[in-house]
Structures are given as structure tokens and as C-alpha cells.
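Next come two complexes built around subunit A: one with subunit B, the other with subunit C.
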Partner chain A sequence: MSTVKAKDDGAGGFIILFFILGFVASMILGWIVFPKLLYSQKEQPFNFDHAIHMDMVGACESCHFFRDDGTFSGIPKLAQCIDCHQDVQGFTKDEEIFVNEYVRNYREVPWLIYSEQPDCVYFSHSAHVLSGGMECKTCHGPIAETETSRPYEYNRITGYSRDIWGKSMLGLKKNPWDRMKMDDCAECHRENGVKQNSAQTHKGACFVCHK
Partner chain B sequence: MNIARRSFLAFLIGGAAGTALSPLPWKLTDDLSIWTQTWPWTPVPPDGEYSYVNSVCTLCPGGCGITVRKVDNRAVKIEGMAGHPVNDGGICILGASGLQLLYGPRRVKAPMRRVGERGEGKWETISWDEAIAAAAEKLEGIRSAGNPQGVACMVGDRYGTVPSLFERFMTAYGSPNFMSDAAIEDSYRITLNLMHGKNAIPGFDAGNADFVVSFGSGVIEGWGSPVRMFLAHGKWKDENKTLVQVEPRLSNTAAKADKWVAVQPGTEAVLALSMAYVIIKENLYDKSFVAENAAAFEDWRDDEGKTYPGFKTFVLNGFSPADASKVTGVDPSLIVSLARSFAGAEKPLALCGRGKGNTPGSLHEFMAVHALNGLVGAINRPGGVWAIDVPDYVTWPKPGLDEAARAGLEKPRVDGADGGAYPYTESIISGFADGVNSGSAGYGVEALLVSGANPLYTLRDAQAVRKAFDSIGFVVSFSSYMDETAAQADLILPNHTYLERRQDVPAPFGLNMPVIGMSRPVVPPQFDTRQVGDSLMGIARKMGGSVGDAFGWESYEACLKETMGAAWETLEKDGILVKADYAPEGWGEAFNTPSKKFQFFTGAYRHGENKDLMSQMKIEGEAADFPLILIPYDSMRLASGPVADTPFMAKTIEEDVLIHDDVYVQVNPATAASLNLREGKVAELTTPVGKARVRVHLSEGIGEGVIALPTGLGHWANSKYIAGKGVNVNRLMSPVADPVSGLDAAWGIRAKLARA
Partner chain C sequence: MKKAQEHTAPKKYGMVIDLDKCTGCGACMAACMAENNVPFREDETDKNLSITWLRVYKLTNGKKFPNADVCYLPRPCMHCEGHHGHSPCVSVCPATATDYSYDTGIVSQIYTRCFGCRYCMAACPYHVRYFNWWDPVWPEGMEKMLSPNVSVRTRGVVEKCSFCFHRYQIAMEKVRYEGRAELAEDEYQTACTQACPANAITFGDLNNHDHAVYKLKTHPDAFRLLERLGTNPKVYYISSREWVRRQGDNYLENEGKVVAKAH
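The block that comes next holds the complex of A and B.
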């Protein structure tokens, strides 16, 4: 008769060590290397000073206006800028680039839009601002006070702005403008009890935002 | 298990645990799913300001109103215009995919002069000044050499300012050879001329009819104004109205009809006259119309006292259902019941013109079918055929002619449409090639201007047409697209596409009210193109003299504005001018024949007194050599006019029509068995004028001995999306001149089919 005895060859320590090695390596990869690989940066064509414009024109709507049919104009086109920027104003390098490269050549400025949603998302500004009475900064933050344009970070896989997922890899946020995923829409709608029984929760509700 | 191996596994497990606790898998999953939405081939409209422009589609004679959705300056979608009298919000597949013509690959982007051999595709881009000068110089040369008649011109549409400008140019220049594309509208126009005494186009109050007999008309295959007929067809279905389709082949229209009458091809007129026989014999006709408002129903006498048989005698003497059955293959009892139902209906309507109506057809057939409408009084009343005056708003004073022009205009026409042989016909585009090749006019054709037409593709007997083209030294195309004719031209002066230009669009075919539409620039010209009216005026002015003087307008737009007069503002605002309260003339004042009545029999009809009417209109080829009969068929998915299929349409062609680059010929299984051909087999189709590789598709929807090929395939120019696919059936067919109108009346051609 023989008994089978567990062989203790002292390998337990090694195994734990390797487990930890694997664990740590993948944590580094996931938390530090991956975000670096995932996102890339671009600079805006030139710096834009929101603060200085706010002093002159007074309100967001002066440039980011609603059209007569209720659609939102978004980033202004050259046509809006040209009235004031026919000629170089002030002495900044950015102004010079703007007037010489764009205004004079009737070329639209290829602005990179931090808050641009994917193409499959339909978002109505007028429902929120005109009907809902919300302020721009509720979702976009204090962008009106900025004097410089921060670099535009975008996801290398999807091509979309980092602002949509948010700076935090975990998707955490302090402010509404830190993240703009569908969960964030839903969260705000829930908190404010907006039309919980409307088309937004019923059959066909998907198509309100995903047309 | 050794330590290294276990450690490695531990490392992997630790890695997996760490990965799961890091954002990597979760974020990656999200990103990958979003990535699938951003694949570059997924079309995404640009962001920007939305706007809508109302205009008119001119891709077929339908004249539908369109509403084009734009984002900033890019047109992104074409929809049917709601409330438009033609199509009320509907649109067809060609109209809906029109943006592919605007932005697609087949545009001619600037004036071009041929540098290589003809058709070689070698061009040099030139300036507009050079292009106009080149055309003017050449035309001036021909004229001063005393041969102005040797310049011919082909246009697509017949009415409106642009065709009228070309006609004016030809007159001032001194050539009788102005031609327009022919279709069933021409046959209907001659029919109304002979039977109503009116210079009119037909309007069909189709939606209000309750018993429709269509003699081969592709009601849902693009006949008439296609979208309008779709709407009418839908209404008949909704309201339980009856559609009887008389056609040798089970077309979509036949399949959807309440009854399909499979007739021997080319014998539709006999069937119509046999129905007339039953209606007359059984006294079912509209007595008040026939007695009070029609002439030559009974035997009649001319001014010299000579007696002629009336319609009644003519029909009763030769078109009994038993006799007709032998020719048409339709059961006599079916002819009788069809005639009774037709005459018994409240609002019967008979239509003719095969398929889309691209071939004018036999005039006897049109008159026979129109006589059926006359018998039941379906003339100028709800649900019937209305005679609508031809558009007459182009009222420019005649151009002044110099000596050269007067001499040139005296010369006979190349296409044979002169007073003598064909007194009712203005031009015979299908007779042009023969005229050129045989030199029958007694002078050579040295130059050809082509606008809005694609004769090298659409005209039958392509070899003869090609030969004629090859003999013409100077061909100018005004096409927006590199179509077959443009590809063979020497000079191209590209027109704006219909979405970039302003132009009047008169008289949508078959609409029962006079309407003028205005097509408007939806987007600015995308390339260095020019409205053809301006190009033509430019050439005339460059030539100077009386030719230049004939065009006193500053620009085409000035000409259009002046021509439209008071209507201009409405057209600018609404894009359409409608006579809202239009009603057809009552029977008392509707007819302008010598008798002031509806004329059952006319001088022209006497041509048909011989028993020709009992047989088919003869097609080319002998049965001994070519045992089969090839007929063409039309489909909404195949544009068969001057404009070819868009890439989008090409994707919708059914798999039993086209497979890869091979077209299917439809063959009855019995015919196929006798030829030892099976489904899908490659075969060689031969007609007296051409040969082609086809594949066999067995179909019970076609009679024995008859085979069918679709129209609209076999392009060789145009874009890669349609070129090289299938066979151009026009290449295998040969035109047959109608004895009365001279227009192409070929409904088929004899053919043979053999294993390849």
C-alpha cells in the first residue's frame, strides 16, 4: 500500500512572486501605458481667447447662435468672424495667422471640437437651452473664461475627443463637463426627473438620440 | 509540473487579474464598438446649416417636383416635393439618387477638346473662350463653304427655351436638320392632331379611372410620368379599381395587374380593334359622344362625293374576336368579356406605348387605342384622356435670315421628315443615321451638335449610327456627363447638371393640366461648366452676322426671364406655374378637325385600310434565319434614356437580370428545351444587326418563341459602375419606320439563340 503525499518542493513562494509580478505588470500596462498609447494630442490651428471675446460680445449666443429653424450653429463659421476680423486686430500672433491664412483666403478654420459627439448621436441644443432653459456652462463648464485653447486630445481608435469619455480612465467625474457619455445624459435626466414617461423611456426611445 | 511552468502560469493569472482591474479591457471594448461606427466607408453627412431648395427633376420626362436637403452648401438628399401636382412627395429611384450624378465620377469638368483618336479618351482641357471660338470657327467655315444644311442638331426634349434656342440657332444658321429625341409623346401628339385636330399633348386623368386597359404600357415601370403613375396605381389598388395589362411578357405591371392578357407581341392594335368590334356589335358604345361629337364612325363621303368606309364598317369587316384571336393569340371569349367590362365601366381608360414609352411605336396602334377611348367617350372627361395644348409660351419673333440661311433651309432634311412622306412629323431622329449613310439628302453632314440626348446609346442599329457618326467630321457635345456620345465627340462644352442650372421644364408627360416647372440651381456649379443656353448664344455671337443677331439677349437667364414674362415671379417663388382651375374643353368645342368632331377615321388612317392592321407591324429579319422574336423590356431600376443608371441604381439590378457582367435573356422553358439551353447557360444571341453574349434565364412569363432583354444595360462610356455590364439592346435592334409618322415603330426584332 502506498500513500500519495503532496510534494512540497518550496515552489509556493515563487508562484506568489510570479503572480504578483504579472499583476503589477498588467496594472502598469493598463493604468499607465495604455492611456498613453490610446490618446494622442493635436494643437488647435491657433489659439482662441474666449475671455477677450466675452468682454466684447457679451454672451455665448452672440457667436454660438441658434438659427431661425431652431438648429444650433455650433462653432462659428468664418462668415461670423469676418465682420470684425476683416483686418488684423491687436498684436497677437494668433490674430495674424487667423486673418492672413484664413480670412484673406476665405478658408474656414478647421477647429477641433472638444465636445463633438459621435455621428450616431443626435443632440438637440435647442431642447436643452431654449426649451429647458439651461445655461451653456452647465454642460460645457467655464470655457468662456479661458484665454487659451488647451490641446485637443483624441482617441486613436475611435478618433473622437477625449472629453467624451473624460480625463479619468475610470470614467469618474466631478463636474458635468468632465464626461459626456450616454450614462451622463441619463444621470442628469434622472436627477432632474425630465420626462421620465415620455418618448425617452418608451418603445422607440432609442431613436430620440440615435437617429 | 516543474516550477518554471507553474511560475509562468502564475504570472499569466496575475496578469489576467491585474488587467481585469485596470481600465484596459473595459475601455477597449467601448472604443472598439465605437470604432465600428467610424469606418471610413460609412457615409456621414457633414455638419452645418440645413436648408431645402425646391426644384424640378429633369432626369426623365416625368417632371417631378423635388425638395433637396442641403447642409451648408452641400446637397445631401433629394426628396419628392410634397403637394406637387405631378408626384406629391413621391420620388423614383433615379431621382432619389440624382446626387450621384452631381457629385459622381462621370462629370465633364471643363470644356474639352479631343486630342487622340475619336473615342480614345484623350482630351485637353481648354478655356471657355477657346471652346466657343473653336465651335464658332468650325461652324462658320462650313457655312461660308455653302453647306449650312450640313450641320445637324439633336436635342433631348422638344419644348422649353433650351430646345427652342437650338431650333432658332439652326434656323438662323440655315439648316433644316433640327431633331429631338422621339418617344410615345410624339405618336400621341400626331394621334391628337389627326383625331382631335389639335396641336396637343396627351393628359391622362389616370388616378380617376376605374377600369384601365394598358396595351403594354409599363404603368409601374416608368411609363408616362413614372411617380405619378405609381401613385395612380396605388390608388387603383386602394379603391379596388381594375387594371388589365395586355403584354406579351409578365412584366411587373402585368404581375400586379388584376388580369394579364398575354398577347402575341406587336398585335396589340388588333386586340384593341377587336374590342372595338365587340363594343360596336353589342351596341355598348357611348351613343351621345359617337352620334354628336364624332365623325367617320359611319361610312362617309368626301368633298368630291367619294364614299369611304367608316370606322364601324372597317372594324366589323375584319376584327371579329375569332379572327383577331388567330393573330393575337388571345382567346375570343376573353376579348369579348374584356370589351364588355371596358364598355360597362363608369370611367374606362385605355393606354398605349410599350414599357416606359421610349419608342414612339406604330401610329395605327395609337389610333386604334385612342378610338377605344373615343367609343366609350373617355375623352376630355374625368378618368379619361385629355388633350392639353402644347406649351406655347416661347413666342420669340422669327430670326432674320441671310442669303446663306435661306438657301440652306430650302434643302431637304437628312432624316426624311419632310412634308411629302411624313406630313405630321417634325423630325425623325431614328432616320438620321440612314439619311447620313445613304446620302439621300444630296449633301454631306459635316457637323453635329448634341444636347440633352445620347444618340450613340439610345438609337437603334448602333452600327449604322456609329457609321454615320464616323463620317461626320465635327461632333460637339453639350453633355454634363461623359456619356457614349460625349466620348465620341470632338469638342465638349459641358452643361451644368440639373441641380446646378436654372431652366424651364414644361409639360410633364401625361399630366392632365398645363404646368411649367422651373429647375433651379440647388448648389453652385461644382466645376467649370456653363448653362448650355449661354454656350450656344456664345457660339452664335462669336459667329456674328444674322446668326449672332438672332440672339439679342444678354444671357440665357435674361432670355428665360423675358420669355416667362409675368410668370417669372411665380416660377421664382414656387418653382412651378399651375393653372389651378384647369378643366378640359367640353366635347362641343374640343375638336378642331375639319368636321369639328372627334375623327374616328382620318386621311392618315386610310393608310391602314389594307390588312396590315391585322398582322404585326413588320420587324426586321426573316423567320427562316431567325426563328425567335426578341423584345426589349424596361425596368425602374434601369435608366434607359440619355442618362444612365447611377451607381446606387446599378446595385439594385436583380440577379435574374444581370449577373456580374452578363445579362440574362428571358426564354420560355419550352423554347429553351428545343434549343438545348438550360438555366444560366451562356448563349449567343444573334439578330440581323448584331450579336451578343447572354445567359439564359427560363421564365414562364414569356411566350414560346419570344425572348426578352432589358433596356438600359451595355453602356461602354459613363462610369465604371455601369459600363461594361450586359448588352445594349438598342445595338441588337433595328428601327422600323412607321408608315404614317416615319418614327421608329419597332417593337422587336427577329433573333436566334444558340449555345455558346
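The block that comes next holds the complex of A and C.
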């Protein structure tokens, strides 16, 4: 009897070990391999130092401004940079690339937009910044303090920027700028009672942010 | 975080179309298709398969020469209010893909939310809703001409006229930038209204005393389509011809003079 029992114990241990190994392997697969498979990376045309610009110009609105028709200009065009950057300033390689390849040739820089939303989304900066009195930082995070441009990551299937889903694979967020999904917009709209004018749900109507 | 929010009186955007002025030229249809990235097919003969947010119908009085008469009737989405925003399509949508806004009175259609059951198409008495049987195919180079303000629909979803809602969104940007409270009448106009060479279409806020539509909708010859269904549409028509007004609803032959509407 006792020998049979001992044999059973040995087999049980092996099964547990096998389970643990399998568990670890699937965790590695899920947390390290899968994100690598799902997201691809691109580098920005050259590095952009927000911190150094903030020291010079003082505020986000100096470069990211509203046009006269109330639309938001987004990432600056060459026309905004050219006043200061006609000639190479400083000694960085990035400045050299910018002036020699783009400014001198009047070529727009093909910046990759981290916070670009899908086609079906309508977002109004004027509603948030001008009417809502929100700060840029609330949604974009402390980007003004960065000295380097991080790689642009995008989903291989949808083509959307990783900033939309967020860095966390589980979709968790600590800060408001960690994610830019519809739920995040809706959460804030609900809390602040923004346009809760839907006849069907008495919540936020879809046409507020969709087009 | 938020302090100053927009608190403006609720709007009820609507349209008044003068059928005596409409020549049936179809400029409104063309303007609408271009404005809203509406897909078209090489063969548009089968109207069950093709998409037109705004369609011009030809009405005839059925009489012989010299009494024959025709009338052209442009038909956008009626943006029915129903009772408290429960328009026919909104009531049946199981996905909340179509909705009625108390702020603008516009019936929205969210293409990414719609899963194509087509209940709304069955519920709509005006046939304003169209189903995408295929992904849109644009002639080469034309995809570069698409408007970025309107999302392009995919196969398997329903679409319809939005009263050019994106124009409202864009116009509101300027209102906020200038710190104003209200949108002026001419700042938000639909593409069809502006394209009409006969000025047959008038668009504006039906709640606003200063807007042209407010007065026009009380015109003695004003009527709405299938008014007796209780859909409470926001598109009004004006025709001086009795036979045209009679075709606006299912009137019996022996019914007296058509006196329509509860405005």
C-alpha cells in the first residue's frame, strides 16, 4: 500500500511543476511576447526636445495654437518653426537634420501623432481648453517636460497608436493621460455632466464625440 | 477641473422646403453626396442597393394634358422628434446606434456602433435610411477628395442624413473661440441648403423666433410628410397646390381640404 502511495505523490509533484512551468511560460507569452507581436514601433523623423522649447517660448499655446476659426492647429507646421530655425542652432544632430533636410527644402516634418484618434472620432480642443478650462497636461500628461521623443507604437491590426489603448495590456490607468479610449472620455463627461442629452439613454449622446 | 460649460437653450434644427420653388435639378443631391462621402455605384439603377441621403422624388397629379402637373420633392432625413425624442428609428435600435439629442434635435447615426440589423430601416416611414451592402469603392484618386469631417462607412452598417452635423461641430469651434454663447443662423447651414439654386430649402432652429424657419413653418400651406403617424418630423414642406399637400399623407379621396399640423 505504502509504495503505491509514494508513487502517487511523485506524480502529483510533477504535475504541479508542469503546471507552474506552463503558467510561467504563458505569463511570459502574454506579457512580453504578445505585446511585441501586437505593437510595432516607429521612430520620429528626429528627436524633439519639449523641455528646451518650453524654456524659450514659455507656454504650450505658443506653438500649439488655435486658429482664427476656432480649430486647433495641433502639431506645428514648418511655418511656425521657420522664424527661429532658419539656421542651425545649437550643436545637436537633430537640429542639423531638421534644418538641412526639412527647413532648407521647405518640407513638412512627417511627425507621428501619438494621440491620433480613429476616423470616427470628433474631438474639439476648443470645447475642452477654452470652454472647459482644462489644462493640456490633463490629457496629454507631462509631455512639456520631456527631452526626447519616445518611439511611436501602433497596433499592427488596427493601425491605431498605442496611446489610445494605453501602455498597460490590461487597460489599467493611474493617470488620466494613460489612456485615451472612449470610456475615458465618457467617464469625465459623466462626472462633469457634459451634454447628457441622449433621448435613449439619458446619458451622453454619441454625436457629441462621433462623426 | 471644469468650470465654464456651455449652457445654451436647446435647439431644434429643422428645414422648410418650398416645393413651388424646387425645380428638381438635383443640385442638393449632388452636394449632399460630395459633402458626406456618400458612396455610389457604377450602376445606380437599383435604388434598393444604392445610397442617397437626400433624394428628390417626382410627384405627378395623375391627370392628362392640359391638366398634367409635376412636383419635385427633396427628401432628407425628417429628424423626427416623435414624443420627447422617441422617433421611430431611435425607439427600435437595439444597439443605441441611433439617438435623438435634446440639445440639437438631430437624430444621430453612429456607424461604428451600428451592427446592421436594419430594424431602423423597417421602422422609418420615410425610407431615409440606407444599408451598406458593400464597402465603398471610390474611382481611383477620388479617395483623396473625401471629406475628413465625415467618417466613411463600411459594409454592413446603416447610414442616413445627419443635417450635416459636422458643420455644426465646426461652427461651434468658432463660437467657443470667440467666447460667444450662441451660433448665428448663417454659421450652420446644411450643404443642400447652400447648394439649392432656387433657394427652396431653408434651414435653422425651429425654436428660435429670429430664424427664417420659425416663421415659414407656420405658413398656411405648410405640411409635413405622413404627419398623422405622429412621427413629429422637423422637415416642413410648403406647396400652394392642394394635390401636392394631399400626397404628403394617406388621405382618403372623400376627405375634405387638408388642414395639417400641430406645430
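The working rule: the second predicted complex is superposed on the first by the 170 of 211 C-alpha atoms of A that agree within 3 Å, B and C clash if a C-alpha of one lies under 4 Å from a C-alpha of the other, contacts with A are read in each partner's own complex, and residues count from 1 in each chain.
Throughout what follows, contacts are C-beta pairs under 8 Å (C-beta built on N, C-alpha and C of every residue); 3 or more make two chains touch, one makes a residue touch a chain.
Owing to the predicted nature of the structure, the values given are computational and were not obtained by experimental measurement.
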>> For A:Phe18, using the defined touch cut-off, is the partner it touches subunit B, subunit C, both, or neither? Pick first, second, both or neither.
In response: first
> Given the touch rule stated above, what does A:Leu172 touch, subunit B (first), subunit C (second), both, or neither?
Replying inline: neither
> After superposition on the shared chain, which partner residues are touched by A:Ser126: those of subunit B (first), subunit C (second), both, or neither?
Replying inline: second
> After superposition on the shared chain, which partner residues are touched by A:Cys84: those of subunit B (first), subunit C (second), both, or neither?
Replying inline: neither
> Which holds for A:Asp69: it touches subunit B only (first), subunit C only (second), both, or neither?
Replying inline: both
>> Quick check on the output: what are the common subunit A residues between the subunit B footprint and the subunit C footprint?
In response: 69, 71, 118-120
>> List the residues on subunit B that touch subunit A in their complex, please.
In response: 3, 6-8, 10-19, 21-24, 27-28, 30-32, 34-35, 37-38, 42, 44, 47, 49-50
> Which bits of subunit A are touching subunit B when the two form their complex?
Replying inline: 9, 11, 14-27, 29-31, 34-35, 38, 67, 69, 71, 73-74, 118-120, 155, 157-160, 165, 169-170
> In the complex formed with subunit C, which residues of subunit A make contact?
Replying inline: 66, 68-71, 118-120, 122, 124, 126-127, 130-134, 138, 188, 192-195, 197-201, 205-207, 210-211
>> Residue numbers of subunit C touching subunit A in their complex, please.
In response: 1-6, 10, 84-86, 90, 93, 96-97, 99-104, 106, 108, 110-113, 149-152, 162, 165-166, 169-170, 172-179
